[in-house]
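Okay, so chain A shows up in both of these, paired with chain B first and chain C after.
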Partner chain A sequence: MILLRLISWQYVRQHRLRSLLTTIGIVLGVGIFVGMHAAGASVLSALSTTIDRIAGKTQLQITSGEAGFPEEVLERVQSLREVAVAAPVIEAVVRSGVEREGNLLILGVDMTGDRSLREYDLEAGDQDIVDDPLVFLAQPDSLIVTRDFAQRNGFGVASKLTMETMEGERVFTIRGIMRPGGLGAAFGGNLGVMDIYAVQKFLGRGRRFDRIDVRLKDEHSLAEGQAALSNALGPGFQVDVPAARNRQFDSLLHVYSFMVNLSSLFALLIGLFLIHNTFAIAVSQRRSEIGILRALGASRRQVLALFMTESAIIGLVGSAAGIVLGSFIAKEMAGLIGNIMQAHYGIAERAHEVRFGAGLLAASIAMGMTTSILAALLPARNAALVDPARAVQRGSNQDISRGNSRGRSAAAGMFALLAVLCVFMGHSQVVFYAGYLSFVLAALLLAPTLSVWLSCSLRPLLTAVQPFEGRIAADSLIQAPRRTSGTVAALMLSVGLVVSMGGLSRGTFESVVDWVSSFLNSDLLVLASEDGTNRSFHFPDSVTASLASIDGVSDVQRMRSNKVTVKGASVLLVAIDMSTALARTSGRVVAGNFQQMYRLGAEGKGVIISENCGLLHNLGMGNTVEVPSPSGLVRLPVVGIVTDYLNQSGTVFVDYEAVYQPFWKDPTVDMYKVYLKQGVSEQSVKQQIQTKLSRQRRMFVMLNREVKARVMSNTRQWLGLSYIQIAVAMLVAALGIANTLLVAVTDRRREFAVVRAIGAFRNQVRKSVWLEATGLAAIGVTLGVAFGAIDLLYERQIVRHDYAGLTLNYDFPVLLVFLLGVGLIVTAWISCLAAAEMAARHSMVEALEYE
Partner chain B sequence: MEHTSELVTLKPAHSRSCSRSGQVICLDNVCKEFDGARKVTALDSINLHINRGEMVAIVGPSGSGKSTLLNLIGTLTVPTSGSIKIAGQRTDLLGDAALTRVRRDKIGFIFQFFNLLFSLNCLENIGLPLHLRGYSARKVRERSRELLDLVGLGHRLNHLPDELSGGERQRVAIARALAYDPPILLADEPTGNLDSVTGEGILALISDLQRRCGSTVVLVTHDDVVARIASRRIMLRDACIVKDERT
Partner chain C sequence: MNKTSLLPIAAMLALMPRSAPAQDARQIMIEVQNRTRSQTEYYEGSLEVINSNQKITKKRWRYDRLGTYGNSKSALRFVAPAEVKGVALLVINHPDRSSDEWMWIPAQERHRRIAMQDRSTRFFGTDFSFEDLEERDVDQYEYKLSGDDTVDDAPCWKIVSHPKDGKASQYTSSFSWVRKDRFFLVRTDNFNKDRLIRQIVYRDVESIDGIWTARTVAVLDKSRNSQTLLTLDKVKYNLPMRDADFTRENLSK
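Entry: the complex of A and B
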């Protein structure tokens, strides 16, 4: 401890900026990790609370995919002896019609039975209305809202609220206001309660329910009730506890967590290299100090312990600061996750406070400290090996890392060989990931050697540009791989990540463009919801004939989509008119014959699945797909596999007439693809549809180009993630280069003083530091581009087999690499300003006496 | 001597500039103080005039101000008060860029610890001052070769400093100091890091070069044997000149 105070603390005090830069890597890594996980956990916890509030005393919930089921099911449930209460529910997301409020979750319930499950703790309104459900029923425009919502918007009892329904805009009357807490606090108060039969009418749901909430008789256990309900309803229904709904979102969040965890891992790796770098330099600079300590009787173990303790403290301080940073990130991320949820559920769940579990905090600190300790391991070992006799001798040098270099090169070669072998060793997942890991390790271990080679090849160029400054800069890079290798490795990883992610993004974008032009090829699209993703609103099938009768319309293709569970995973079931699709679309076929698959599909003899559905759920041509429906399990063989991007966890296409109607008995449609006769103006047909149909019901008519523009805009937003990664890469570059150059400048004080003494101007010294920064960035970018180019091959496989089930083209992001290269070099110049100034302004007299 | 004639061809016109009186180094009432926790006077009212071609040894005990005096002459630092003229130019009034130009054109340094750049080989180390003056790569190479021959290391062109003995490193440092044939050579304990035999060789080389090139040499030493090669000995004690004798 005393050594720590006398030796380490003094060193940190003398090198404050460098210590700060070193710690930042850990701060970033821990910050991103804590922020994401705390935000995710907080939103999930808020969602869980909301689900509990909405569930009330519900023990089990019965569903059958998003399409719901006919009303008769309720009677079957109520007749079971295990069931005490069974109440039907419809949940719909509608626009509140109030500016800044966004959407409202409308809970359609049957007031006659629902109050035994949920407490409607009304603080205002005519309690009698709710006490007597018949009165509530008699007034179908009745709406109960929460106090939060009412207060925010200045509503009271009898206030009117205009909402969009399938019958166009309708005015509803607030007849009750719920107290906060319980149901009134769900979704931050953006919740309304209506009579379920009114909801059926206004939202075009027909005689169907989304769900039945069940409370069991006291004498029956949950397992008994679940078994009895499953037996009675058959495999087309899911009987689950309310909390199971959380799992859906959890799995959705998983995709986003993957990206953020990856960034967090990279940030920590980068932190690891920065710390390794700084410790390697510190050991070199403090060699005489270590020698004196050893001469005074400090054992090798004490020296090792001194450096390891220093690194542990850096890890601890970095982790603590990371947690603070993470709390800020968490607040922002909670909003982002809330938006993801809004896209999924229609209503944003906001975490009002971000909570940090003790487990998360402990994991973060452990992660930060482990990274830091690992990073310092080799330099600390080298410190322990310092020869005291040589260290105290002025002017002598001891190369303590030569052995490391040989070992490192041998290990790099071994891992590279292993990576190549794995490519030829089959398709097992274990072999693939072993190969990937070997490739990353080989690249990291080779980075110092490659960095020296590149520096050597840069030397003639730098010397030709600036004979004096270029020579000094190049030689600094060549002669001090220990100083630069950490930064080069960090830059390589960071640039590589951007390149591979950029490549994936480009590949995805190109594929989406390709898909959009083949799948979304109709002249017009008629939607029940504005964004096309809200499945609360449906058209009755009668709209089909109305559309077909409009002048200029050639074909109308129906589309009804809802989430179903296949092989335990949620996939999108899309019912379409296969015969029209056969005539009109030209999808990219992955397996099967295009003509045959649509013909068989139209006859109800099979399903067509998306490529990602097949890869993610292990389904191939001829395999039987089992889809639960209200009429029982639908078992159909896979007759074709196509490329499709409708759903990230997979899509199953069935024929609307031959399969969907007989099994789901749901005569509704979400979207129409309208094909026009040749020469007919899209605009005029759009106008006709709006005139003829939009006045009667809620309807959104879009031109093909508008739909494409929207899809591409959404895709671009998603791809915007790669810009965040570029920003992270820039930050890493700035940190790494600033750190390395500060270290380099301190390390080379004598050298700069010598060149100043023999007549170099301050500007020449500055220029040599700038050139060194440029060289460092150029080397990092070159290695990163090479790393990224290979990494992209692996990432494509990961995307294909484990992430999205999509086969993407190998699309090298040339423009991105160019922008990144320029950006990093500019970043390098900016981040070396302090170091350059320090180098130019060092006292020559002091530095010449410095060893 | 044939090397010397070559050297002359590379000299710029101003490199031989001296004051009319023949004094190349003039210090008048120079004081140097260091501000720290307490103020330290390193040099107090120093008056020193050195003529062209003189070889002067500055001697004195540790802490007497020898190195500070050398650093002031070498324009590595500036005086707190007083005036300094180097080859007729007042340096105490100059800014950093002008001081750099003075160092570049008029002064060559030989350090105790050689201060060679470890990443550069002998040729490149010697060529550095010439690159700074914007010489072409060919000229730099030729001149560096000549200088290495001059100090007897013509066979060590591409060796790195790490591959040389202490004496050889100091020879390279001397060659670098002579690269532009400066009128003033400053040597700070040039044999301080060498054994006595090697040290003698280095002193002989400095003497020989001084005679051949006619440079003014100021060397700082605490070693009487080293000081004996000088024609003039200046003794410092407690920041003041206490003795100035010619031998």
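Entry: the complex of A and C
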């Protein structure tokens, strides 16, 4: 402690800015990790609360995919001797009709008996929460809302609320108000309860339920009840505890978690290099101080412990600050995640507050401290090896790094060789990731050597730009690799990440553009929800004939989609009119014959799957796909594989008439693709549809170009997360370069003083620092681009085999790299301002006395 | 003893109200059913629900019944107020199993079955439960005499009953008070284990078409501290009714 106070603290005080900049790397890494995980966890926690509150006393829930099942199933369940209560449920998310409130989760229940399962009013016991239950049932516009929702919006009993339904906008009457707590806490209080049969009508659900909630008789265990229900209903139904729904949503956040972990890992790696760099320089600068300590009797272990403790404290402080930063990030991200889950997966949740679990905080601090300690390990070891006698001699230098340098090069060569070997060694996951890791380690270990080579290459260029200043800058880069290598490595990683993420984004974008052109090829699309992702609303099949009868319409293709479980994973089942698709679609075939696959599909003799479905779930041509339906298990062979981006966990296409109707008995449609006759105006047909049909019902009619623009906008939004990486790269550049140059300027006081003494102007000193910063940025960008170009090859494989099953083109982001390079060089100029000024303003006399 | 001395005794015997000899409890309940048996029943009822805050809601319904105890069909149709007009309930009682109940909601244009599990819930916000609207058939319960008591100064038998195996009921036991002079049920206390759930009192009894009829039925829900008063108007028995009138399809008419 005394050493810390007398030595370490003094050093930090003298180099406040550098210490701050060093810490920021940890702050950033921990901040991203904490913020984004806390946001994700908060959304999941809110979802879990909603699920629990809605479940109430429910012990088991019966579902059959997302499409639900016919009402008749309810009686079968109620007749089982194990069942005490079985209540049907429909859940739907609708716009609340109140500007500030966003969505409302509508819970449709059978009001005659649902209170056996759900607590509508915990505080008031069994009192009515509905003014008149008979009127509530008799009037289908009846709605119960929570007290929170009512108070926020000035509603009371008998207030009116407009909501969107399949019959257009309808006015609903609030006839009951739930007190907070219990069910009233679900969905952040934005919950509405209606009679289930009224909900069926308003959402176009026909005579179907989404699920049945079950409570068993006391004498039967959960396992017994589950077995009895599964036996009675067959494999087309899932019988599970309410908490199982959390697992489904958890897996959907897997995508998001992957990106979060990658971002924070890179940020921490960058922080690691920055800290390593700073400590390496600090050991060098404090060499005589260390020598004196050793001469006075401090042991090697004490010196090691001193530096390790310093790094641990930096890690702790950085982690604490990172947690604070994370809290701001979390609040912003929670809303974004909720919107993405709703928009892309139709899952409803709002996280009103972000909570930081003790586990997450502990993990963050451990992560930050571990990174910092690891970073300082080698410099601390070097400090412990300082020879006291040589250290206190003026002008002498103990080179303890030469051996390290040779060792590093040898290790780099070994890892590079291993990476190459792994490419040829087969396709197992272990070999692939071993090769990837070897590549990254080889790159990191080679970075200092490559940095020196590039510095030598840059020397003629810098000298050509400014003969005097350029030579000083180039010599500084060449002669002090230790000072620059950490920053160069950090830049290489961050630029490389931008390049590979940019390449993936571009590849994905191009693939989506390609797919949109072939899949969304109809003249018009008629949707039940505005963006096509809200699966609460459906058209009755009767609309098909109405659309087909409109003048100018040539073909109408139905589409009905819902999530089902295939091989234990959630995939999208899409029912389409395959005979129309055969005539109209031109999709990219991966396996099978185009004509044959659609013909067989139309006859109900097979399914067509998406390429990512095949890759992720190990399905190929001829394999049998088993899909659970309310009428039993559907077993059909794969008759074709196509490229499709409807769902990132895979899509299975079946024919609407031949397969979907017989097994799901669901005469509803989500979307129509409308093809027009030659020469017919899209706008005029759109108007006809709106005039004849959309006045009586909820309907969104969009032109092809409008839909494409919407899809691409959504894709850009999702891919927009990758722009966070660019921001991280810019910040790293600023931190690293500023840090390095501050150290450089301090180290080179005598040099600058001599230069000034022989007649150089302040401006010339500034320019030399400025050119050194430019060189540093250029080296970092060059190495980063090379690293990223190779990394992109690995990332494409990860996306294909482990992440989303998508085959993406290798699309090097040329424009992005150019912009990034320019951006980083500008960032370097800005970040070197302080150091350049410091160098220019050093007192010559003081600096010459320094040595 | 000469005839002259027997005369006052005979006169006294003639003036006493007729009552069957007090046999076992089941016999008493059979007699209760017999004395109120009719082929059909019709009435128009006014319903007042008074909740724990003394708020009163009023409705009117029309009731038709065809058949006798345990083997009857009844249809209940709300006629007022306007918000609930047309809502109807069809109850088909079976002697050997639980009744079937369906509800019709005009605005939804569909029937909905009232599941067995839901029979214990309140009937449309009243203090009746769906089960209370079924008819109790004497063969579905076990009876035992519990003693004598008085209700409104009238001597009564007090009978405890338990549903037999196979009879699903929310009540584990009930106490019934039967007037000795008329074999008329004047009060029922329904329990779930030791807890009194509902008390139903039959008042303003008068003879209509030769059948003793309670013109006022009061249901008290002890746990909610609320009360429902059903007043029967225009009660008629044995009017001609058709079996076809008691179907789900006819509920909507």
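Here is the rule we go by: the second predicted complex is superposed on the first by the 829 of 851 C-alpha atoms of A that agree within 3 Å, B and C clash if a C-alpha of one lies under 4 Å from a C-alpha of the other, contacts with A are read in each partner's own complex, and residues count from 1 in each chain.
One rule holds in what follows: a residue touches a chain if its C-beta (ideal position, glycine included) is under 8 Å from a C-beta of that chain, and two chains touch if they have at least 3 such contacts.
Quick caveat, the model's predicted, so the values are computed rather than measured.
Colleague: By the touch definition at the top of the document, which applies to A:Ala295: first (chain B), second (chain C), both, or neither?
Modeller: neither
Colleague: Per the contact definition in the header, classify A:Phe761: touching chain B only (first), chain C only (second), both, or neither.
Modeller: first
Colleague: May I ask you to decide whether A:Met844 touches chain B, chain C, both, or neither, giving the answer as first, second, both or neither?
Modeller: A:Met844 contacts chain B only, not chain C.
Colleague: By the touch definition at the top of the document, which applies to A:Gln139: first (chain B), second (chain C), both, or neither?
Modeller: A:Gln139 sits against chain C, while chain B stays out of touch.
Colleague: Between chain B (first) and chain C (second), which, if any, makes contact with A:Ala410: first, second, both or neither?
Modeller: Neither partner.
Colleague: After the superposition on A, what does A:Leu222 contact: first (chain B), second (chain C), both or neither?
Modeller: neither
Colleague: Which chain A residues contact chain B in one complex and chain C in the other?
Modeller: Overlap of chain B and chain C footprints on chain A: empty.
Colleague: Where on chain B is chain A touching in the complex?
Modeller: 71, 74, 76-77, 96-97, 100-101, 103-105, 108-109, 111, 113, 115-120, 124, 128-129, 131-133, 137, 140, 162, 176, 193
Colleague: In their complex, what parts of chain A are in touch with chain B?
Modeller: Its residues touching chain B are 394-395, 397, 467-468, 471-472, 475-476, 478-479, 750-751, 753-762, 764, 843-845, 848, 851.
Colleague: Would you tell me which residues of chain A are touching chain C in their complex?
Modeller: 74-75, 78, 83-86, 110, 112-113, 115-116, 126-128, 130, 132-135, 137-140, 195, 197-198, 201
Colleague: In the complex, go through chain C and note every residue touching chain A.
Modeller: Contact set of chain C toward chain A: 51-52, 57, 59, 78, 83-84, 86-87, 103, 105-108, 110, 112-118, 121-122, 124-125, 130, 223-224.
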